[in-house]
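Dropping a structure here in structure tokens format, bear with me for questions.
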Amino acid sequence: MKQYEATWPEVGALDRDTVVLIPTGSIEQHGHHLPLGTDSILATAVAEEVEKAIPDKVLLTPTVWLGASGHHLPFSGSLSASFEGYDSVLRSIILSLAAHDFYRFYIVNAHGGNTEPNAVTLRKLRMENPNLQLGSIGYFHFIDQSVFDATLEGKRKGIRHACEAETSLMLHVRPDLVRKDKVKDDGLEPQPAVPGMVWHFDEVTTDGSLGEATRATAAKGETLFNAAVSGIVEAVSGLHAGVQLVETEY
Amino acid sequence: MKQYEATWPEVGALDRDTVVLIPTGSIEQHGHHLPLGTDSILATAVAEEVEKAIPDKVLLTPTVWLGASGHHLPFSGSLSASFEGYDSVLRSIILSLAAHDFYRFYIVNAHGGNTEPNAVTLRKLRMENPNLQLGSIGYFHFIDQSVFDATLEGKRKGIRHACEAETSLMLHVRPDLVRKDKVKDDGLEPQPAVPGMVWHFDEVTTDGSLGEATRATAAKGETLFNAAVSGIVEAVSGLHAGVQLVETEY
Amino acid sequence: MKQYEATWPEVGALDRDTVVLIPTGSIEQHGHHLPLGTDSILATAVAEEVEKAIPDKVLLTPTVWLGASGHHLPFSGSLSASFEGYDSVLRSIILSLAAHDFYRFYIVNAHGGNTEPNAVTLRKLRMENPNLQLGSIGYFHFIDQSVFDATLEGKRKGIRHACEAETSLMLHVRPDLVRKDKVKDDGLEPQPAVPGMVWHFDEVTTDGSLGEATRATAAKGETLFNAAVSGIVEAVSGLHAGVQLVETEY
Amino acid sequence: MKQYEATWPEVGALDRDTVVLIPTGSIEQHGHHLPLGTDSILATAVAEEVEKAIPDKVLLTPTVWLGASGHHLPFSGSLSASFEGYDSVLRSIILSLAAHDFYRFYIVNAHGGNTEPNAVTLRKLRMENPNLQLGSIGYFHFIDQSVFDATLEGKRKGIRHACEAETSLMLHVRPDLVRKDKVKDDGLEPQPAVPGMVWHFDEVTTDGSLGEATRATAAKGETLFNAAVSGIVEAVSGLHAGVQLVETEY
Amino acid sequence: MKQYEATWPEVGALDRDTVVLIPTGSIEQHGHHLPLGTDSILATAVAEEVEKAIPDKVLLTPTVWLGASGHHLPFSGSLSASFEGYDSVLRSIILSLAAHDFYRFYIVNAHGGNTEPNAVTLRKLRMENPNLQLGSIGYFHFIDQSVFDATLEGKRKGIRHACEAETSLMLHVRPDLVRKDKVKDDGLEPQPAVPGMVWHFDEVTTDGSLGEATRATAAKGETLFNAAVSGIVEAVSGLHAGVQLVETEY
Amino acid sequence: MKQYEATWPEVGALDRDTVVLIPTGSIEQHGHHLPLGTDSILATAVAEEVEKAIPDKVLLTPTVWLGASGHHLPFSGSLSASFEGYDSVLRSIILSLAAHDFYRFYIVNAHGGNTEPNAVTLRKLRMENPNLQLGSIGYFHFIDQSVFDATLEGKRKGIRHACEAETSLMLHVRPDLVRKDKVKDDGLEPQPAVPGMVWHFDEVTTDGSLGEATRATAAKGETLFNAAVSGIVEAVSGLHAGVQLVETEY
């Protein structure tokens, strides 16, 4: 069920084992060829497809489109939540619905910069509310490395930023928003000498994208999209069925 | 220009006199007949119509759909931001774009519960950044009382909650989301003896709506919608042209 | 009962249906003719008169004299609370007395800039403590428009800032503090083209006051003062008697 | 000059070497015989006497009457600021006036529970604004031990709480507010075995006061009051003249 | 140089290209056989060895021993910082030294629960202070997978919690603190069906450790320890030499 | 028992009457002759000696080495916690262990700048958790004035900063860390005209120390150290035995 379009008695009638699905994205620069809303558009598209597949197991919230994007702020039109504000938005969504007795929440994230903030917020919430079941993961996590390897032609077999994979996904989901005449490869990379450093995108790219966007196709995007959706459908179904802990077989 | 769909170089190329238009709504109960997203849907519809009318004067952000709705929380599926979190979201949007040299921001609000928080946030921001031009107002403010009087048939000549006016607006904008078989009149009211008390909606209504929704029609909605849009177009054009202060004629 | 002068056993002996009355004002510029403490002086005077009229129904706290006055800060001697600090003061007063089982709180405000902050604080507190009865309103709300119309001679029939009405009130309450040789009319006003903008007082006035102060008289002040007091006495008595909710007669 | 009664141009005309004097008190239980406002009443009386003695050297703010009084909360009618809120009030007063170029601030405190919060706030402010000159001290600090010894007859030669000294001061300043028929000695004390423990007043007294109040007289109060006032006049005059640092003579 | 033992003129004389090295650990349960301080002990040991190897390139701060350990709190003696407090400690260390013109900071972490908080804090700091060079990484990151594979005999080739690797490290560093008679294997694991869920250690282990601790030896610990130290020495030396960004060779 | 070296089952087995002992120090300049860690080193040494004397009555936490030292920040290598961060660290330690049912906490402080923050934090915690027994005091408090008088030769009979007493203590505890060739007397002092002013150490000293360090000897340090330790042993034993309140004998 889509929360946005539902009435309160309809939500009130839901089974409380229902998994609340929360898409998180961003409004941030994606080079010259993809729109600022790219992450939010992809998060929404993936999550809506999941809701369509298993509507009885899911209450889908609107997409949290204001992400933690400080590393993109040097580029015009990019927005960044403060970490405290981002935390507060997630917390309010979850605690509002927990007050209505929902207890399973799963964040589907489309923006790398939200990964750590999502984790910190859920860890805080679980410490305060141990009865909640809380998870967060990138949609790209559900695309197996073998799928990336088989699908992508460029050097980087995974998701970077406005890259071959992400541009392909947009060509599949919202081709009208891809500026096809502006697509180009971009991206400096720090030498591996010092791992763990914090970089901003104006330091490591020329125009904001990171990867071989020129290799993107809608067909590749469809493959990746379907892999992500079916992975999330399986995960959410598992959560809905009840997570099992088993003794590891040492 | 719609920020969501624009690329960063396109935003970068905008004249900085452009007015940033920020729609604010809510996800909260609207009785048995209107969806939880009503306020956000109306804020978005009005603001997109404004952007369509004067695209060169406006940079339209996505709709802030998480409002200050604590007085609706007793009803399932309603969300409420904390006041601090709500403040932080608006602040992040405005300060991110102010860092790109935009300085005119105008909030178009569709949820009464956001009125005071919007004002508090803008007052704080202006104190810290006196060079910014900041405004906030409900779209319903732009519907003249004479229009309400001429259009509405029920007793209340104005906007309440899921009432004749709001239901009419939804019948105009998203008739597919109005549960026509669930429309009913509702609403207790405190006696006028003690003005200024804080009430929750489960204290003053039976099912969450406040007003004579049964009198709603799409035609009334269209009239109100057009009045709001043209009022905002005028206000934003005035802000774009440069606000004038004149000595009052005492 | 005045809290300031009472002992703890005297407060301890009060009926818990007693209404806690909290006056809120400011220390902010009021032009060349009224003192910085004007709003606090008027809030105190009105509230003390109410306490004198119905001493058994009221526990009167000291006046919160540090208001939200950022829009007056450009003028020397003006103070402004941060919104967080202002919130914290009201919250501490109410929660301290709620711990002693008082549950009815009514703020009588004399400074327009406190209106939104008062509302936000009470909404927060009520969400957290639904058993509390919380209200806030300007003393000027209780002066009926017909009284303003019959009393004031200038163009503005209502309260502005250091204006005909407010100066009259001070001439009634503390004539020794009115600098009669400095009284003058002042006040620019923004054109109505853009409603909802945040203005600072150095942008819209020459010397800090807004209105036709030269028309002020002590007699007008007495009329307005008495109207405000009797309105609050009625409201507080209503709250003390128990607020009734009645089904509206649609 | 008293800020409360001054107009903004009058404050604006002050020499910026003027010392801003800020009295801090509390609203908290003072046994059966003294009013809740005792500390605020004494802080105000002392500070106003100082202002009267050296009006050209002082800008006197209103009294901060909401103190840090958590250890008195078990007694009805006592209020306590949160430490954050208390900090915010002092910070707002000082920073508002610092924006008008005042730079010398001196807190005269009448409530022991404010001692540490005052110090913490001033340390924070000085770190952020090293150009400010900031001090805080209890009015009782200025009463020399020899004066206490010569004046008080009871065992405790100093200020406790609603004790011989404080009751004497109230008999001098506001005798109408002393419930003379309720005066009694009170006060348990922890054994000296464990210094530094945090105690609440319901743990160490029977009725809220700590000391030999029955020995109080107005004459003793006058002696103590005058000693405090002349000490503060000297200190403020020293600050006004410019504090000197001299090499210590080891 | 070790900050703890240095005087201020010695720190003052350092080249500002010096890398400030900040070890982060925890006080949290490590099963029946390892002490609560395990992570802090290992972080300290590794960092001190690095300082010994390249003393001229490093200013070593004391170890931040209070980590983000909410998932261990059910076990007695475990401490957890709030995320806000943890952030504040790192921020204060870095900003204090940045005020002395140091600009290179590298966190060496020994507790998995600090990974996300370290990242969030550094991202915040870098946004506010783009001139700082900030990095954070686990010491275990520097142990190549091939070294884990060649060294560990158990099923898990990496670091878990009080496991084969961590117990081996403690047998190398502080064998006196390993309770050898209490060493046992432990650890439930969630099925892979739902990735990204937040778990607490009482939900996934019997006694608090996770892995095959019975396979631990001091010799394995030495191998792992040396690998970590030499990796960090190389990284810090790289940072000291100046990080290079190079165009990637697509 | 030392928390750092204990396992969780060992802490779990402790009697809950055990006193949790928390040493607090700083990393701040101590002139040219003492290391930055002086306060933390002394706090640790004293507390460990106490733990050694009465191990069954004490659970000793690691030393909080990041103190409130803003007044020392002008000197290189000094660190200062924010007051909020310092509060958060103490709060997390105490609340984590309170969750394991410990209820007696005693802070042994070695840094004057922590005195007020320690008090504020414990007052807050006690208000929220009246069942906790909370105390905080400087180790120097336990050195009787008579001991100072008999031991010290310089003019100042007490603890200042890197002075005769503190340097003596370091010569006793960690003589290897005293730069004996750099010892000198230092220290300007404000005239007594204005008590209560906030000073920074670069304003009142030449090189950061305050007192007659040249008179320091290890023998004096041993005397002071032993006095402090035996005072704390007595206080903690008293707390362990149960604090008694007795009616004072007026």
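Every chain is named by a letter (A, B, C, D, E and F) in the order it is written, and numbering of its residues begins at 1.
Rule of thumb we're sticking to: contacts are C-beta pairs under 8 Å (C-beta built on N, C-alpha and C of every residue); 3 or more make two chains touch, one makes a residue touch a chain.
Owing to the predicted nature of the structure, the values given are computational and were not obtained by experimental measurement.
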Set of chains whose contacts include both chain D and chain A: none
Any chain that touches chain F and chain A: E
Most distant chain from chain C, judged by the mean position of its C-alpha atoms: E
Angle, in degrees to the nearest 5, of the Cα rotation that carries chain C onto chain F: 120
Approximate Å spacing (C-alpha centroids) for the pair chain B, chain E: 49
Separation of chain A from chain E, taking each centre as the mean of its C-alpha atoms, in whole Å: 28
Between chain C and chain E, centroid-to-centroid distance (C-alpha), Å: 57
Residues within chain D bordering two or more other chains: 73, 80
Arrangement of touching chains [line / ring / star / complete / other]: ring
Ring walk, chain A to chain B and onward: A, B, C, D, F, E
Residue numbers on chain D that touch chain F, as the complex places them: 68, 70-71, 73, 80, 83, 106-107, 116-117, 119-120, 122-124, 126-127, 130, 133-137, 141, 154-155, 185, 187-191, 193-198, 200, 203-204, 212, 234-235, 238-239, 243-248, 250
Parts of chain A lying in touch with chain B, wherever the complex brings them together: 3-12, 27, 29-37, 40-41, 61-62, 65-66, 73, 75-82, 84-85, 88-89, 91-93, 96-97, 99-100, 177, 179, 182, 208
